[in-house]
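Paired with chain B in one complex and with chain C in the other, chain A is shared by the two complexes that follow.
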Partner chain A sequence: MRTRLITSLPLLALAVSAMGALSAPVKTAGGVSGTITFTGTPPRMRPIDMSKEPSCASQHPTPVMTETVMAGAGNTVQNVVVYISAGDQAGAAAAQPVRYDQKGCQYVPHVLVMQVGQPLEIYNNDQTSHNIHPLATINPEWNKSQPPGTPPIKATYAKPEFITVKCNVHPWMHGYFAVLATSHYAISGNDGKFSLAGLAPGKYTITAWHEKFGTQSQEVTVSASGTVTANFVFKALPY
Partner chain B sequence: MSRIPLLACAAEFGLLLSATGLLAAQAQTMSRIGNVTGNADAGKREYRRYCVGCHGPAGDGLGENAQWIDPKPRDFTAAVFKCRSTPTGSLPTDEDLFHSVSRGVVTTNMPSWEPLTRQARANVVAYIKTFSSRWATQGPGTPITIPAETPANIESILRGRDVFQKMECWKCHGPAGHGDGPAASTLTDSKDNPIRPYNFSTGSRFKCGETNADVYRIFMTGLDGTPMPSFADLMQPNDAWDLVHFLRTLQPLQTPEAAIWQTWLPAHAKELKPLGPDQGGR
Partner chain C sequence: MGRLFAVVLAVITIVSAAIFIARIWWLPPDISVLGVGIDHQMTETMIASGVLFVVCQLVLAMFVWQYGDAGDARPIKTFPGGATPMVVIATILVSAEILVLTLVGTKVWGGIFLSPPDPSALHIDVQAEQFAYYFRYPGPDGKFGAIHPELIDDGNGNFFGLDPANDTAARDDIVSASLVIPVNKPILLTLHSKDVGHAFYVPELRIQQDFVPGLVIPLHFTATRLAKEEIVCTQLCGLGHYNMRAYLEVESLGQFQQWLKDHAP
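So, the complex of A and B:
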């Protein structure tokens, strides 16, 4: 969605003024981008033994690795959620549903970002039952079984929270819902890069969250045009 | 069988409750159990006397006895409950809590508080609800409806056996319901404490009741805070009753269903495929 916003400036201006971010007509807007790295030795990812679920094991010619810390060349980190945690104008939640897949007894994506109130749809693409058990503490905790061939499970979350998602039948299945109040977020790729675009000029706090490394925040000032850089460096503690 | 009057009685409770339509703010310091109104201030006294040692002064389940207890006493500040007539993720009704307090939780340290008066139990239920703001903001969920039980005959039991296979109950509970399925040894509750699936051969009582309607409610709504999921969106009432009838055959006591099963089985055992991973069922 964000990439579409930057490609078309008129559209962007429209979107921003529609959000009521600025009273004067907007000509330009800035953004924040950066790279996420870590120092220290990251935990080694281990192969997952799916032999207890043959219908899933057979889908993976080579063993699937755990996805807790996905490091790239030059100590970059994937799957870090970067978002505006203060300074943002609250906009309406996106009406477009976000999709969470269970495939080969894995969660795809491993970290799913959604906005408060945004529809969430969970699919089972496997030949086995999963139970979807998001261990929410701020939002209500629920736990539903989803056998093969049953319709998607639909849900929404009313409050911002980082929620661990578990399948109790397959203990290696581990994922996250990142429920955010803002519509300005990004998730780092394998090169550790992220970019937040379409920000009205002003001061913001941006926060980076990683399932193992925790959270970090910094203040940035976005000008009427151009992109400011904000890098994050996490510390990998010895395990 | 005392099951039918109990069910009728529960339905009446549900009706009464929805008819009263309490205000959320009021509901947090009050409870309504049939014609008894519980009061949180009065409940505090009973709580301090009877419950605090396990559930703790702050209601967080960290009473002084908690360290020696497994499973741990409920943390009322999280407002996540196992025994609910309401959908997974929603709060239980006052009646649900009242029944839990009265019944106690079999196989755990949670005693039955039946000896306390109805008024005292209603009071303590009102007080429990003050530990989480969720009661003020959300209120309880809408209880699921449990239609009249279908006849418990061999056909129903056999269909229920297919449901047990298809819904993969055996993954946790084991093919014979002994609590020893392939996933059993890895299970933890939502506070990361190890937990075992229910072993059906150990008796006829459950944490959340003992009647056929209770069993129906248990697997439809799930036991929140545990790996036991909700199946409410997956089963029609007929399937659910069939499953109840099959589950009863896994229990050692002379349930009517077990009697039907044991009479039928000797002559037909060869017709059955084993339950479990090898595409069992009929």
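So, the complex of A and C:
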């Protein structure tokens, strides 16, 4: 036992020094940030009538609105996925699971971003059965029933894709999975702001995706320090 | 053993008849103009078939009691030959009864399914889908927007496939998950299904009608009192069939007009 410990010590030292090399500060001080806005008149969001599912309807004192275009003050847009679509170095898949909730007969969050190969866990927090149906076209399509109180559904997606998610039981339930090949992504808040940090100096293509407004891309050059600004302006139509 | 069976038969007959006579499991109260005729027809059918049922079962029990196997192992010699005239008469009697019930019932049936709706009927369009109903009102312009199935987008509330960008008639269409109607006003529903067969059943209205994909099926009725009742699907339509329902809300005309204003898009 003693001899084994002694022989393994140099190995341990080697491993520790290797880890140190990996976690040594890489020159990644650069970043991209910006604001997403729109011009024109966006469609009006409509109240969702959940009266057929009283256990969900009772969770919402005021009617839930559709979430297609969530506009903030100053024509900002929420739920825009901003990510590096070209120029990023491939990294290992994220191991931390991402969580998707069915709560009050709504999908929370409305848009869930995950990386290719990242574990996805889908929970049913309601007193009713759901049947989640992500309408994947590039990845395999599936739909799974989930009665109340059952364990989370686990899944992963192997290819990048923006996937519409619906519930086969509650037609109004609607959400998206944004499966990305990069670990550098952000989702805009109600103020329309996003920020991508930790980028190595270089040229990148930044893409912004919105479920209604579509996608826009722009080229940015990130220097060793400082943050580049990249704003996106979408054109909105009332219908 | 034969006599015990006769007693059991008689008891079953009397108990099941009593359940109907006492109306323990009966229809819910009727709230529709046509319901009176249906209930009348239902009662007549129950009495005619009920009397026949009770008499037949009690006679059967009597015969079992009287002529049951005495345990002396004698072979049966005369069955089924002997009673031919009686079988013929019984068949004719039962057929006549069913025929008469059908003829009498045709009037009620025709009132629902064969007569045209009242010209002043309020027209509401109904879309059934897995696993919900949606109801559409034409809005202030009185016109329904055209339906474009390729534009159906449940998540964004476009359950009917309307095209408000190009179709002005579609812009004021009111879409609701509940069927809200004014009391004492003839209602015309046009039923269509997005996917598979469904049904529209409101026991209180005494109406049940299937949705058939590809067909637009008219259905008319008039509700006679304020109520909130459940609309349920009675055609097995898939996994969530058990949960496919909506509410019928019968309101006063004033309440209904206010509801329309509140739900204008």
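Here is the rule we use: the second predicted complex is superposed on the first by the 210 of 239 C-alpha atoms of A that agree within 3 Å, B and C clash if a C-alpha of one lies under 4 Å from a C-alpha of the other, contacts with A are read in each partner's own complex, and residues count from 1 in each chain.
Quick note on the criterion: a contact is a pair of C-beta atoms (placed from the backbone, for glycine too) under 8 Å apart; a residue touches a chain by one contact, two chains touch by 3 or more.
None of these values were measured; they are calculated from a predicted model.
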Exercise. Label the relationship between chain B and chain C on chain A in the superposed model as either fit or clash.
Key: clash
Quiz item: Which partner does A:K203 contact after superposing on A: first (chain B), second (chain C), both, neither?
Solution: neither
Quiz prompt | Which superposed partner A:K103 touches (first chain B, second chain C, both, neither) | solution = neither
Quiz item: Thinking of the overlay built on chain A, is A:K159 touched by chain B (first), by chain C (second), by both, or by neither?
Solution: neither
Practice problem: In the overlay, answer first, second, both or neither for which of chain B and chain C A:S145 touches. | Solution: both
Practice problem: Tell me which partner A:K52 touches in the superposition: chain B (first), chain C (second), both or neither. | Solution: both
Self-check item: Of chain B and chain C, the chain that contacts the larger number of chain A residues
Solution: C
Quiz item: When the two structures are overlaid on chain A, which partner does A:K235 contact: first (chain B), second (chain C), both, or neither?
Solution: neither
Practice problem: Check whether A:M173 is in contact with chain B, with chain C, with both or with neither, and answer first, second, both or neither. | Solution: second
Practice problem: State whether A:H133 touches chain B only (first), chain C only (second), both chains, or neither. | Solution: first
Exercise. Give the stretch of chain B that clashes with chain C in the superposition, choosing among 58-66, 166-174, 202-210 or 238-246.
Key: 166-174
Quiz prompt | Contact residues of chain A, present in both the chain B and the chain C interface | solution = 52, 128-129, 131, 145, 168-171
Quiz item: Which of the residues in chain A come into contact with chain C in the complex?
Solution: 43-44, 46, 48-53, 66, 68, 128-129, 131, 145, 164, 166, 168-175, 237-239
Practice problem: Mind listing the chain B positions that touch chain A in their complex? | Solution: 78, 80, 87-90, 134, 138, 166-168, 171-172, 182-183, 186-187, 190, 222, 224-231, 233-234
Practice problem: Can you check the complex and tell me which residues of chain C touch chain A? | Solution: 129-133, 154-157, 159, 163-165, 171, 176-178, 238-240, 243-247, 265
Quiz prompt | chain A to chain B touching residues, read off their complex | solution = 52, 128-129, 131-133, 135, 137, 140-145, 147, 150, 153, 168-171
